[in-house]
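Before anything else, here is the set of structures, which you'll find just below.
Next come two complexes built around chain A: one with chain B, the other with chain C.
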Partner chain A sequence: MDAPTLTFLMMDPPYESARSTTALRLVDAAIRKGCNVNVFAYEGAVSLSFAKQAPHANTVHGRDAQQEDHPNPKDWIAALIAAAEKGGRKLDWVNCGLCIDERGVAEAVPGVRRGSPADFWKFVESSKNTLVIPTR
Partner chain B sequence: MNRFLLMGSREPTEGESARDLYEIAADLKKQGNEVALFLVQNGVLPARKGARAEALDRLATMGVQLLADDFSLRERGITDRRPAVQAVSIDSVIDRMLEGWKVIWN
Partner chain C sequence: MTPKVLSIIETAYRATLEEQDDTTVWFLHALKGAGSPQTLLLRGNAVNYAVRSQDASGLAFGARKQTQPPRLAEDLSSISRKGVTVLLQKEDVERLGLSRDQLIPEVELVGRTRIATLMDEHDLVWWF
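And now, the complex of A and B:
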């Protein structure tokens, strides 16, 4: 029997809301349960996978970038894509192309592709279930 | 009968939306549906024993299943929950999605 597929739509930009963290936890849980996972990143969420995110130092606490070990969502996304592959599954992450252009975040980590809301429609059509996580 | 999992990520004092979600849960239950409320992020704050959130207790009395994300509870240091709330892992959301529950985020 084919592995079930779940789809998630995210809208929040990185570093703003706990929703992004929860969304990635849901993706992680779905992968661990053997699902294929589709993600459609819309609006600010297209920046979650932006490859130029950089860790930074924390001068207030006197820590350099390595000591601070500041987490960046692009690394979590890359790890989730790798985890899915390792388990013989697929995390298909699509960023809305217009949203990318508006924000100038075309450089995404490997495994993330550019698309359009039509991809979200196809995801929904081919999935067992879909969860939309709106900004408000 | 449908099955609804409502994701409550806000606490009632943040505004109307959490209270609206509780009302939606009650209405769906009154219409004969199976309803579960999954509290996550700040949505778990009313799950604290002693928190002024009688609306949650009313939902439980109606038969709405009250679930709270164990990670969100730990983040907020909530160890003493109101009796009607069950701590569960986020995996339970995936389980219900795979069972065909309609999942709605608030």
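And now, the complex of A and C:
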């Protein structure tokens, strides 16, 4: 039987709520269960994969950048794409192009591509199920 | 005159895993370091930040493991040592079923009816 494909739509920007991490947990679980996963990042969520995110030192924690080991969301996404490949599955991550342009965040980590709501609809049509995780 | 500030956090765990701390608590650490007199009131679900036994470790996506998870109770202890009074709204602590011995010793519980007075005792009130 072919591996099922699940689609997620995310809208939250990084560093603002717990929803982004929770969504990535669901993506991680789906990949571990052998699913192919599509993600359409809409509005602020296009910044999740922005390649210029940079780890930093944290003086409040008393740690330098290496000790702080800050996992930027772009690294989590890259790790999920790699994990899917390793397991013979695919994580297809598409960022809404107009949302990218509005925010000036065109540079994404490898494996992430630019698209439009039409890509999301294609995802939906080819998926077993779709979960929309909107902003609140 | 340096204004005294009452900062109130009500919404808890906003991106704490991504940030490895609470951004408002971190911000207040920095403001205190810059000379701002601060009182911190945690209410709503944010009272849970004072629970000693919480453990956010173990997060991993693919091969990327988080090595420095948020340690929110430690961050409260630390800001208290810097001279920030940390208050918890008593009714919310009770609503979550928490007992005093589950909380870090640096926090003080205050009843809801005291909050208006608290506001009056400060020059600025910031609701995060």
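Here is the rule we go by: the second predicted complex is superposed on the first by the 136 of 136 C-alpha atoms of A that agree within 3 Å, B and C clash if a C-alpha of one lies under 4 Å from a C-alpha of the other, contacts with A are read in each partner's own complex, and residues count from 1 in each chain.
Keep in mind that, in the parts below, a contact is a pair of C-beta atoms (placed from the backbone, for glycine too) under 8 Å apart; a residue touches a chain by one contact, two chains touch by 3 or more.
Computed from a predicted structure; not experimentally measured.
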item	value
Which superposed partner A:V132 touches (first chain B, second chain C, both, neither)	first
Partner chain(s) touched by A:A18 [first = chain B, second = chain C, both, neither]	both
First, second, both or neither for A:A79, with chain B first and chain C second	second
Partner chain in contact with A:H61 - chain B first, chain C second, else both or neither	second
Larger contact residue set on chain A - chain B or chain C	C
Which of chain B and chain C A:A45 touches, first, second, both or neither	neither
Touched partner set for A:K33, first chain B, second chain C, both or neither	first
Chain C-contacting residues of chain A that also contact chain B	18
Chain C residues touching chain A - in the complex, by the definition given at the top	13-21, 23, 26, 29-30, 59-64, 66-68, 75, 78
Chain B-facing residues of chain A, complex	4, 6, 18-19, 22, 25-26, 29-30, 32-33, 35, 128-129, 131-134
Contact set on chain B toward chain A in their complex	7, 9, 40-42, 69, 71, 89-91, 93-95, 97-98, 100-101, 103, 105
Interface residues, chain A side, partner chain C - complex	14-18, 20-21, 24, 28, 31, 58, 60-61, 63, 67-71, 73, 75-83, 86
